[in-house]
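Can you read through this structure? Questions will come right after.
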């Protein structure tokens, strides 16, 4: 499912002087795994919310699957969105937090996994009957991830899905995710602050400037999976991303000094 | 402010079969910066909550400052705790979320920073009048951090304070934090999933086993500040921590297979 | 930091109520208040005991009407609240009508109901329902509207229909408000049934009380109040208990 | 997805109320319902217009009593709720007493109040307060107890005193519940003042209505209801407006 | 409040009068309204506060507790309250020599005698009054064949055919029903030889003892007011309208006043003056209550006194 973002801007009401996103332009071909990185508050979450049509842009257009508006795409269940906070229903057990999809989504919507399969995918089999408030931060995030993976959508919008996870869990889940992604080839927008994680997963990294978010660099990651940190090619892309990040930070700080 | 944890166990009510912590023993001398790492759900947050006396242990003892119970230490305002979620008051602006400390803490409690100083320390000067729900995830976390830094306490309990921050912000804040920590020398327990971050900051790393959490390794970090990733000594400790983490993961998986 | 068990709080409740009753008894005796102004609790209890079976019968009728009216009122309140949540454009209008109905003293409507529906229990049930539906409506609307923003976004990202959003998100979120509404309405329903029976009823505690009052027989007037209070307190505690069990995910302790 | 502005909803409200009134008028005319059963809205409005100054005077008195009683009731409800939150061990006991008071038909207390306090407005204010305090009490207690667990932990980590916890966390958290309580109690206060005046008052809409009822002069009985409804609706809208401004941090829109 | 206070003309004595029901043209009320407005109270150096009861017994509680000095009450109720729960009430003047209780059926109902009530629904307010039983028995109807229905105050029930016979006050509901276009037929207890007495001025034992002089002067002025109303019923009704709301029908009030003036007169009053009462009157009423309602025996001598009337006749 391809995605075209043209000249997208967003200003939150009451925030006239500080737009969250400014003139963002990019195109994602179907099946690409794009990592979005950028400083805190630069508008990454805003971008995802715009594509999920949770908010309406102040200016610019988003086209999905060759012409659908975000709202149409969402209505067709093409989009799966995972927010930065886990957003679990406190009155449901872990399993029911996934099983609720069956009830909420329109009759006949296909789901990829059963709740128990999804739970075991993120290592929460043992917590199936636990309520969200008895789960640790990382477990809550994994539950939200399991819920997203259950959806049979072709555009995944994922807002820092591994932020609360330890390195090992992150690594294991990355592998599982890639295994899932490679045959299905959904288009993925993956917000992260962890560059290693970005480079282990993505085909492409979009680096954003500090607020107001604009695209500072568009970096290809032409490495085969599985990837190794020690690989010099990996280290080279890593350096590229780091430079893009710190460069625009320096620019920004110079401009605002 | 030193800290002694002896044979500490915690079982949440209704969770008889899966203790969160089991027989944890360690001593932290005054002024040490200890990083706690371990897999998701291993009981790190639980440990911090026990020390902050938000919950009572099922077994074992905690002694602070040579004999105080956690409850006494907390009453004397020796402890500053930062939870894994930002826990901001939604009806107060960013500044007032910090200024409220003045009102809530007992008359005459010394605060280290003014609200505005704290905000500028975490780069939120411009958001002083913003309400929490208009802040990005990383901004919320920085606000919670600013609030903690305002407290004049000698034991800091910090639960993944940088989880939602990008690398650059993280780096800058790490430096600022070290600058603050070095002259004051509070004792710090710092939960993190980022081993680089742990090794940039801590004097010592405690590695926990998967649930039920026990101490798997107690690793010294005898490196001078500022630390460089490229430094071979750094890489060596990194390897040590990684091994401790994956080792006990393998053990655990073997045991539960 | 001591946990306060249901047991210890029940004991505290008993003590407080007892002190109140003893003060009352003492006051009446000390100032020898005549019985036609304020009867002593002992007199009231004696009356109650001596007419137990008559009161039991009347109570049955009144409680039946109260519960039926409460059910009707709660249903009406919830259904209107649901409707207004699903079709929000009519909210202001329907609320205005509801307030209009609420502003009409029942004493003006009650005779009309008797005219239309006869002397049976139906008018009493409807009056009780009219008394109870408003708190339910207001609280349930509040509850249905106050939904966590992150969860709302989640459901919107799923394109959940308004009805499913309501069923799986708004309704569970409103449960604490619904319980508050029930706690308000349950005692109201009992008073409502009594007021509805006050004149023109063929039975029930309301009629008993009206006759007692018309005869200025205050022990007979106050004896039913003991029953009403007991029922009110029981209903309230039942609701509080159910609430603790159903709203387990929200902390509600006031004790630390 | 269209935003629903206060303006458009006010228009919708007007239309709904108008349709209701027209149906009523039409029904009365079509079936030529005799005026002693149900007067037509036009008759009621005419009565209202012809006695405008008398009604204005009565309204002033009644609204004054209602507001004073509401204030007293809200204060009492809030203060008791606060007390119970700060001293939770007495909760069950005090709630039992409150339900006891709530279960006592006012008609049994009213003469006692007149005996103690004379024939002035004071007994009316107190009766209104007695009617309104209970919803406030129940809702405010609910609100004070339902505090976000993470924030509660934060305050506990600060060792905030119970009082500060209350002031800076519980109270702001309870604001949505307090507004729901006010929305319930405000119309109740008006009815309460009317009921208190219903018998034995020397003025006010309640007395006007009682006299009209005793004469079965229904236009005069219903005319004050128009006034009461208008006041009730205005109060409700005022509160809803204040709520939107004060509880800005919680989403409350039902429209998507 | 000492008797001496009366001698200081600048300091009028304070009295609180509470009418037993809403403001309307019941004769004892009218007497007080007129006395107030025409200055008869002032003439007796009294300052009277006029309150109104909702008619549910509050006024009796008030009089018993001394908050109200004088009120009005039906002779029958007064007897019952004196008997149980023992309210210390005394009638100081019996204005209604005949009771106002009666039973009404629509003219169009085809009911002509109490025998026709059989198989029909007869309403009562609260509890069936003893007058009803006495009347049915005196008329020779069969109580068992009559369905008794509790109706409360709402004559619309008669018009809307929810009941066939409805209890009324002769001076009140018949007028309203007539106005609605439904003339009625009335049966009054006294027509069947059943004793019935109307409204009295009531005070309590204690007030009677402590305020004898003030009450006497009150009675004097009130009777003067009644006399004025008999002479100028129209002017009296105008005065009544100052106390009622704008919803009140002037003709209704006039109807009520004239009805009650008629019933205030009997052979006794012709001889002794308005308000006069006798042991025989009270005794026969009490007997009826005892027989048909199981009322406890009361000493009727405690229930009324003509002493104030006698004294009042003596003063100017």
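Chains here go by letter, A, B, C, D and E, matching the order in which they are written, and residues are numbered from 1 within each.
Methods note: a contact is a pair of C-beta atoms (placed from the backbone, for glycine too) under 8 Å apart; a residue touches a chain by one contact, two chains touch by 3 or more.
Note that the structure is predicted; figures quoted are calculated from it, not measured.
Enquirer: Need the most distant chain from subunit A, centre defined as the mean of C-alpha atoms.
Expert: Most distant chain from subunit A: E.
Enquirer: Which chain pair racks up the highest number of C-beta contacts?
Expert: By number of C-beta pairs in contact, the leading chain pair is C-D.
Enquirer: Report the inter-centroid distance (CA atoms only) between subunit B and subunit D in whole Å.
Expert: Centres of subunit B and subunit D (C-alpha means) sit 50 Å apart.
Enquirer: Please report how many Å separate the Cα centroid of subunit C from that of subunit E, as a whole number.
Expert: Here the centre of subunit E sits 40 Å away from the centre of subunit C.
Enquirer: Which residues belonging to subunit C are in contact with no fewer than two other chains?
Expert: Residues 37, 115, 149, 156, 213, 250 of subunit C touch two or more partner chains.
Enquirer: Quick check: what residues of subunit B touch more than one other chain, meaning two or more?
Expert: Residues 85, 133 of subunit B touch two or more partner chains.
Enquirer: For subunit E, give me the residues that contact two or more of the other chains.
Expert: 56, 61, 65, 153-154, 156, 160
Enquirer: Applying that definition of touch, give me each pair of chains that meets it.
Expert: Between chains, contact exists in these pairs: A-B, A-C, B-D, C-D, C-E, D-E.
Enquirer: Spell out the residues on subunit B that touch subunit A in their complex, using ranges where they run on.
Expert: Going by the criterion above, the answer is residues 12, 14-15, 18, 37-41, 45, 84-85, 126, 134-139, 142, 159-160, 163-170, 193-195, 242, 245-246, 249.
Enquirer: Using the touch definition up top, name the residues of subunit C that touch subunit A in the complex.
Expert: Where subunit C meets subunit A, its residues are 150-151, 153-161, 164, 168-169, 172, 175, 248-250.
Enquirer: Mind pulling up the subunit D residues that touch subunit E in the complex?
Expert: Contact set of subunit D toward subunit E: 34, 36-37, 51, 54, 107, 110-111, 114-115, 118-119, 198-200, 202, 207-208, 210-212, 214-217, 219-220.
Enquirer: In their shared complex, at which residues does subunit D touch subunit C?
Expert: 4, 8-10, 12-17, 20, 37-38, 84-85, 88-97, 99-100, 102-105, 107-108, 112, 115, 134-135, 138-139, 142, 144-147, 149, 152, 156, 162, 176-177, 179-180, 183-184, 187-188, 190-191, 194-195, 198, 206, 209, 213, 221-222, 225, 228-229, 231-233, 236-237, 250-256
Enquirer: Given the complex with subunit C, which residues does subunit A contribute to the contact?
Expert: So the residues of subunit A in touch with subunit C come to 49, 52, 54, 74-75, 77, 79-81, 83, 85, 87, 89-91, 100-101, 103-106, 131-133.
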